[in-house]
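I've put the structures underneath this note.
Presented sequentially are two complexes of chain A, the first with chain B as partner and the second with chain C.
And now, the complex of A and B:
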């Protein structure tokens, strides 16, 4: 009877989930760590961890790593952080720093240098980050060739000078530095009795080869794109600009683990104030990590709340080189296949390198097409809505009747129709990008065709709107800068909304606001709409592209150290009198 | 917080705009043409031609069977004292808001026009939706009949027909073109009286009406031999202020357009200067605008007109070789004589019969006066019928077509 009562009670009352997993990710295991300051914190942490969870390995990753690395620095500091002459002590320090033998990435290779007498030593490197052939060659030299070369060398300097075949090697005595290099694929050599360790460059991790550009394709011009390797990227730029005036300054960002940042500029062109500002902004970044130039961009741009992109994001070394030759500054980040160029203007983002490579008539043609498509992408649906809803008298009668006739069976208001199709288009675009490669492209085309055709057949949208949305979509694809295309697409929705609420008046309002926002925007001190707003020397390469020999000056708005691109007549074989117009006569 | 304040102010301002007049196209019925007829008891009969976009645009995307049976245009008439009132009252019959935004033509019957159009033009001109660029036509018969029977076969809508007709006037110059705002201004003008093209449906077939033999297009609309039931745009209605006072045939309209400088291209058939029953066909181009000088110093105004015409030979069935210099000189004189005679007759009609300055000579006379008051005091319209008119036509044949000489008929 009592048992039955208990069972009924169990059914009726709330029991809570039985504790089966044996693991709970505690919220505040490390929260009071900072308050506890120094000293005993690591002990208490260990205790907490043991008490609260059975598996220490599944703790929250971030605080754990932070705690460990801080702890290890402390032990390094406790041992003065210097390389000891006693090999075993060095080995202990390395084991402590890297958490051996738990951490399986780190390889410590003990061996004896084949001098007379033999010297005990060991190598430290990270598996997978080094080149095996380099390492084997190094070991071969140290173990076999050493004896033949000398009888009384056992110290780091002498080995560095006589035995190491590697191209880059340096002598270091601080563990902090050594670990930094080992983390980046170098090998450290510790020698018995030597107060320094040798760090030999053996970087050799897997990376992509240089490939064709994916997001900035052109027909003419170089077909190389940046890759994830910083040094390869700087070399790609330097390969184009073969000048000793091309400076590459290395900075680092990221407090938890840092990434190298290369700031490239022409020392005799770039305005020193600009270079200083770029370096100031980068070095002031205080964040745990930055892995891509896209993240870096967001830390250094002028107005994060403006829609327009304020740095030029490019994957083409030839474009970077062209900008550097104008006096701009390029920022490359290790591990990112894109470079940032600052300062940038809206016009620069509407250009591709191709217009310069093509003859000027064709280049100008391309530019005009792009200018038109920029306005189409921005305004077309908004203008359509405004005209059809408020200003029907503006459309030719036959066009209006065609629009009206096609809309007769569509049950939605025009705004809904447009928004529906715009949304579908964005959907096709986004899905086409995310769908795994092989089916992706087919889905994109099939989706677009099917959706449009079916929407018309089902009387969900009128054919005019389908055409309109498709043209708008194509136009937005023709904007070369992916970021700027995003800005345009976002602005477009404002135009759609205001066009449908207030007609042309609403469109004027948004245009006005957008112009004000864009004009007041600056990218690294350069007005975003220069050289047209404010008006400065344009140089014949803004909306139309004049013949290349007429472009004799660099853009004025960058304020480069040297304004002149071509001091005299660029085409030496032609007598200067007949050509070049005003520029020619001045000289 | 600041942003919220600014935003709320913006929203309030925006929502107070008086621009909530959004109308979907499927809430509207577009009137393409409007007809005005004389109605009972001083009222007018107003006819609307409303487009049915469903039919005009064709069946969308394979849907909609049986759309072929629906008519592309709906023609409805009503009786009202004023045209705008009529248009407003029509809303009780139609589910959609009737709109004049796309009214491309006003067709007014001759009966109504002869009584005076001022009471109807004024409200139309005042109304916001009326298009100033709409065309005005005067129908010789009832406007409603014309609109009912006028079925352009090449065009989807009569709106396009009216527009193209106004352009094809440049090909023959046998009619005139007037837009609503100019017509309205003309009825108030002291310098140039309005004219309007005549339209009618041909109901005589190929039967030849009364006309001068040899002259091309010497008909009024509806009289030109053609298939029965074709709508014709030919000839001109002449107004004195807002009242229609007479008509010009197509042939006379050519001279009217020549004198106003609006003739772009026209054909002319002349009797042969030597052979009986033979004609010469020439096409006319106006080399320069006419030079017109008006002297208002004397008792009667003196109007000097110099025309510059460049004909090209088109048809010489007689076989005379007009290409040689002797004959060319002859025919140039012949054409000059014929043209000046034609012009003189039309001007004479306007002075004596219509007493209306439809050529706009007043605009040249106006230059002689320093102030508007003086000009008004001169009373041009009263003096015009008594004006002396001298016409000189300069003719120079520059083109002989694709033939450089004519071999004589053997």
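And now, the complex of A and C:
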């Protein structure tokens, strides 16, 4: 009864708007902090005027000086960023650095090393990043097998030499370095009384196994693709190029959290200037994080506003190895299953590597098919529009009548018809890619079939246009480089528009623009249309693929240290008439 | 000025070849047939000899002065006032040529493919592409020419070979056409008036030294004249000289004649792409040369700020003629008629002055 009265009262009286929103991200909260920080900075700059600190809220993951200096006033030794001999101080520093106990990923495991008498120590690692087997083995060694070491020699060096049978272990005294390794899956061991910590390699996070390539499938050739593990990727390349001349230099990108970048090249082939330029561009990147080579590519490419991709994106170690053997430079990034190869040319983007594995006639055939499909993907709809709208005389009368008959019941102008179908095709492609699993490909095929059939029956498009758009779509899929296919697809729309406005003259205008933009483009100092524009030694592997034994020199445009691929006759068993013809006859 | 970008031999040759080829798509072959009759192709060969002589003349000027183009030479040898005047004549010549080519190319497009399109639209297309090409630079233009050259070559070969069924070698007689005076002197003079030599002398800093100037320009002219000769020959044996001189755009007429079965016929539209492209290269290169000449005369470090005003001037000049016949007449009067002034007379003056000064130089110092 009382409840009922309360409800009636609530209905009849004014209640005000209840505050339902639980959380508001106050804009001012950050702004104030920023203002305060900048005020503080300007004051401190007034004092020393020397160091310009980074933007507020932006802290390099590696240098932890600022954070450390805040906490270190209490910890004494850690003030210098060095490991203290007092274990508790080290522990305090670690807790401050990692924000323990709030930060639950970080495990600090206290234990006693089984020396006589025992020594207190602790391990720091990140849960999920390490291999439990390695860790257990480590603990077992330290706790059970340490009996032989007496206390006074239970220091970091003796433990390193006598108790750690694992692969990589290093002694470090700087928290900055220690944290860097722990963040990457290593385990740090702090020992009472030791001014150094041991960092033991225990990396063991979950990752994909090496699988077949997804976006660069071939029938012939190796069927391995890169994975997200940088070290596995470099090993995949090194497995193919078994040479001490294959150098892997490690750099890092990202200011807030950094990723490792491996720059791979053949030290006796790659032009040193090229290697220097690659390293210069990568090390100059000033951004908070880079997680994929796709992001890295955008920071290092020459002309960001040009449509053509200026680095070669590949997931195949064998292709990377082939490029390295030409004198190019490969860039791999931790966490990315794709490598970037620089410099690149448009012709390289139209190769798959499979042509080299196939016999040269088949390889050349494939290349020609791909060349034709490149032009079809670029020009076909535009040329069709230009011919149908402006230059009907060039079409044979029967074909013209067939097109006109088909178009009779379509209410749209031809350009709208083409754009509609192109858009639908792009839609099917995009949806097919996004819809998960097997349904995706089914929807792709079924959708395209149904859409085409229904569009014709509903008089929304003529059958010729459907065929045209389908052929164009197929042609664009036959371009091996995903990025280049995008560029071609984008240019195609310009051809469609200009072809419908000015006929072949419009096509010529876009052609001129595209050619002049492409010829003026450079990838790491190499003209994009090398070796045809400018003309240099081509090496028999550009559009046609000459027999493999004729490719005796490396492409000239890369300017490798050594141009010769095969100094003499690559087929040693085939002798020239002059030299030892008799042997050949005997055999 | 853009002298840092160096062109390779192949690129430079092809660029100048394509530029000199531009005239064969327009009314020029018709004018030559009108003068020389069936022996127009002989006039072309005589013209080539004359052109090579011009190249040698420029080579004599440029050879002792590596790193300098004809503009610098005029400034240096003729003094500030006379040098500037000569260079302004050079620049005006380029401007006039670009304007008339823009106009005649646009008119040709209207005749052949886009009859209802306003000429201003087509001219805007040409001029915009010219600005773009000249802005991006000689290197990109040369590479574009190099990359497209095989297609152009293939297209022209297809056209000429596609006409084989219509060839009649009897048409080539009488072999000396309208008589040696017409063929070799008048026709040769008309065919030999090539602007690419002056153009090459302006962009010579982009070649690898003045020795390359002779090599590049003479090769380009050989190729350009080879195209012209073959086209004139095919034109005469296909149409007969009498009909050939009545076609405004002989190249276009030849393309319309192709009939290789019901499916492969009337392919002239495809050639629109080729000649449109060559026209764009030609206008862009001429605009570039005009801007470079002016920048050299005015001693500006960069030619690019001049592109926009020059393009406006070219556009305005090109729209002035009332109709196509006026433009064609202007071309024959201005470009072919007065071309001996910038192509022969002025360089000759520069050469004589430089020789005289060179001789008198040691005397003065001694």
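FYI, the second predicted complex is superposed on the first by the 504 of 587 C-alpha atoms of A that agree within 3 Å, B and C clash if a C-alpha of one lies under 4 Å from a C-alpha of the other, contacts with A are read in each partner's own complex, and residues count from 1 in each chain.
In this section, a contact is a pair of C-beta atoms (placed from the backbone, for glycine too) under 8 Å apart; a residue touches a chain by one contact, two chains touch by 3 or more.
Model, not experiment: these values are computed from the prediction.
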| item | value |
| --- | --- |
| Which of chain B and chain C A:575 touches, first, second, both or neither | neither |
| Chain B versus chain C as contact partner of A:532, first or second or both or neither | second |
| Touched partner set for A:502, first chain B, second chain C, both or neither | both |
| Touching partner for A:515 - first (chain B), second (chain C), both, neither | second |
| First (chain B), second (chain C), both or neither touched by A:393 | both |
| On chain A, the residue positions that both chain B and chain C contact, one per complex | 390, 393, 397-398, 502-503, 505, 509 |
| Residue ranges of chain B in contact with chain A within the complex | 14, 17, 19, 21-26, 28, 30, 32, 51, 53-58, 60-64, 99, 101-102, 104, 129, 131, 156-157, 159-160 |
| Residue ranges of chain A touching chain B (in the complex, touch as defined) | 388-390, 392-393, 397-398, 400-410, 413-414, 453, 456-457, 459, 462-463, 500-503, 505-506, 509 |
| Complex contacts: residues of chain C adjacent to chain A | 8, 10-11, 109, 113-114, 117, 121-122, 125, 128-129, 132-133, 136-137, 139-144, 146-148, 262-263, 265-270, 272-273, 276-277, 280 |
| Chain A residues within the chain C interface of the complex | 386-387, 390-391, 393-394, 396-398, 502-505, 507-509, 511-513, 515-517, 519-520, 527, 529, 532-535 |
